[in-house]
Amino acid sequence: MSALGVTFKRELALLWAGGGALAPLGYFFGTAMLVPLAMGPDRALLQTAGPPLVWIAAALAMLAMLERLFQSDLEDGSLEQMLLSPTPLEGIVIAKACALWVAIGLPLALAGAPVAIALQAPVERVPLIVLSLALGTAAFTGVGVIGAAVTASVKRGGVLLALIVLPMFAPPIIFGASVASGEDVGAALSILAGCALAAIALGPIAAAAALRLQAE
Amino acid sequence: MSARGPFQDNPPHKSGIRVEALALSRGGRILFEGLSFAAASGDYVEVQGSNGSGKTSLLRAMAGLLTPKAGEIAFDGVEEPALALHYVGHANALKREASVRDHLRYWAGLFEGGAREQVVGQALDLTRVMSLPVRALSQGQARRLALSRLIIAPRPIWLLDEPAAALDDAGKAALNELIGSHRAGGGIVVAAVHEPLGPAPSQTIRVPR
Amino acid sequence: MFAFLANPARFMAFSAWAAPILFAGALILFATGIPWALFYSPPDYQMGDTVRIMYVHVPAAWWSMGAYAFLAGASFVSLVWRHVLADVAARAAAPVGAVFAAICLITGSLWGAPTWGTWWEWDGRMTSMLVLFITYLGYIALWNAIEDEERAARLAAILCLVGAINLPIVKFSVDWWSTLHQPASIMRSGGSAINGEMLGPLLTMGGAYLLLFGALTLMNMRAAIFRRRVQSAELRKAQS
């Protein structure tokens, strides 16, 4: 199996051993549960505000998973071995990011369906919401690896990671929430797809550069 | 039973290391300057020095992880230095939840190598623990697992940082055999040690200068 | 000129006189610009006298963005040429840019309050400026979080350049979002056609902010270099 393949497999296995998507999904549901508790159960209000809030909850759940992405590799010496592989570090980072998206991002997107319904989204809009979340979590992962790489050597750097990454989450959230609200869906969805592609293409490059510095 | 040397299937590979006027700094502090030495196929270089003297930094610089402050590190007979060396540092690069076998497969993929499990297991006495997760291994077994990278993918240059740490006598013997057959096949071994490993080194480098 | 200044010793000699001069220049321009803006410039035909906040708000906006451009340039130099002064310059300029962004946000809020009837309004420009401010905070926090100064400099440089790519994307997204939610923009900085008489005080304040940025950045750089010298001296003493 190639370096990309073994990296992807290993990352999946490690995520699974760490509890898999259970914690992020729980976090996702829990945050969504807080929304009506904070806003009141008024259907009309939830209908306007609810669906976009699914996006905030998903963003926060992804943030929680990003912190560990490179920290253990840096600490236990695995990062150095990755640097000695014939496959460039950028590729290895993409493999890890893909594993994160498959193990966490996709489940979050699918879990967006029940959450959106609970937050009073119209049923016919739910498939689009799930699609937008799938693209959005991919975008979050792409830019998230940058924050994870840059804070990999900071103990308990989760808050710093969030601060760094939030400005980069803004564009996907803007377009994704627009899809969730049913406003200008076509344009928003295509731009969101563009964000996701750009994030996956460029994020790992910056992340790899930062990781090489971390390994020094 | 000795491990098959990495190059016994191929004609001996000629390679060399040249370090010229190397200066390294760490956290603003200069560790050493003006270090020069050369190693050729079959050499075993021992790097000695007290803690914090720069032994580890020297190896990491040779592995391409650290950028030197001054000087040059050159490799002869290899196209891509990062692909021609193995680095076994203080940290074993192990994941606690993954099994021994998982690690062997991962490294086989990562380094595009392919030594068979049985070969590795016998050379480093890991056969009995193949299915165990790393958290169930002793320190010595973990260290031997880290050393298995050397067998999984044949590469001419070995950079070893305190390779015998946590190894018992049997482990040290296995390590010395590995080093012996690697040298016999034309490989180079550079090891940072506190006390001599066993084989007489071709040269000894003391750090700091 | 930059190659000449690249030597830290020469930079210290240069900044020893340059910083006070820039600061004096800034004070002069502020002393000219503020009275001009407050008393001698015309009120806006729509907003009346509240438009005068624009003279503090708009240059702060310009130079908070200009400061980030400076950061991006210094970060680029830091990564490509690995020059210590570039690192020092980046770290020195960031707080100044962040404060300018904060001034822009606060004065924007004060300006908008009478017009909007609320202390904050999420219009396109203010929202983008808020993202810039958060970006600054993340950059500064990263510098503070990493102990090894050299590593902190390079990682911060990468973050700054990533941010430089992100900010135009955010601007585009926020503009899209604000046209979606607010077809009419309530706040205009002086209107689409700036009255000629407003240009004078505006440019004066713009110049004042620029000189202030220069002065403060140079002063921060000097303080950082002094601090490094003290640390090296202490390190040498400990080793001997």
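Per-chain numbering from 1; labels A, B and C assigned in written order.
The rule is simple: contacts are C-beta pairs under 8 Å (C-beta built on N, C-alpha and C of every residue); 3 or more make two chains touch, one makes a residue touch a chain.
Everything numeric in this text was worked out from a predicted model, so none of it was measured.
Visitor: Chain adjacency by touch: line, ring, star, complete or other shape?
Guide: complete
Visitor: Work out the mean Cα position per chain and let me know which chain is farthest from chain A.
Guide: B
Visitor: Based on mean C-alpha positions, which chain is nearest the centroid of every protein C-alpha shown?
Guide: Chain nearest the overall C-alpha centroid, as shown: A.
Visitor: Which whole number of Å gives the spacing of the CA centres of chain B and chain C?
Guide: That gives a centre separation of 50 Å.
Visitor: Taking each chain's centre as the mean position of its Cα atoms, how many Å separate chain A from chain B?
Guide: 37
Visitor: Determine the centre-to-centre distance between chain A and chain C, using the mean Cα coordinates as centres, and give it in whole Å.
Guide: Roughly 31 Å, centre to centre.
Visitor: What parts of chain A, by residue number, touch at least two of the other chains?
Guide: In chain A, the residues touching two or more other chains are 216.
Visitor: Using the touch rule from the top, collect the residues of chain C that touch chain A in their complex.
Guide: Per the touch definition, chain C meets chain A at residues 131, 134-135, 137-138, 141-142, 145-146, 151, 154-155, 158-159, 161-163, 165-167, 169-170, 172-174, 176-177, 180.
Visitor: Which residues, counting only chain A, touch chain C once they are in their complex?
Guide: 143, 146, 150-151, 153-154, 157, 160, 163-164, 166-168, 170-171, 174-175, 178, 183-184, 191, 195, 202, 206, 209-210, 213-214, 216
Visitor: For chain A, which residues count as touching chain B in their complex?
Guide: 1-3, 5-7, 9-10, 13-14, 17-18, 72, 75-78, 80-87, 215-216
Visitor: Show which residues of chain B lie in contact with chain C when the two form their complex.
Guide: The contact residues of chain B facing chain C are 27-29.
Visitor: Could you please specify the touching residues of chain C with respect to chain B in the complex?
Guide: Against chain B, chain C makes touches at 148-150, 231-232, 235, 239.
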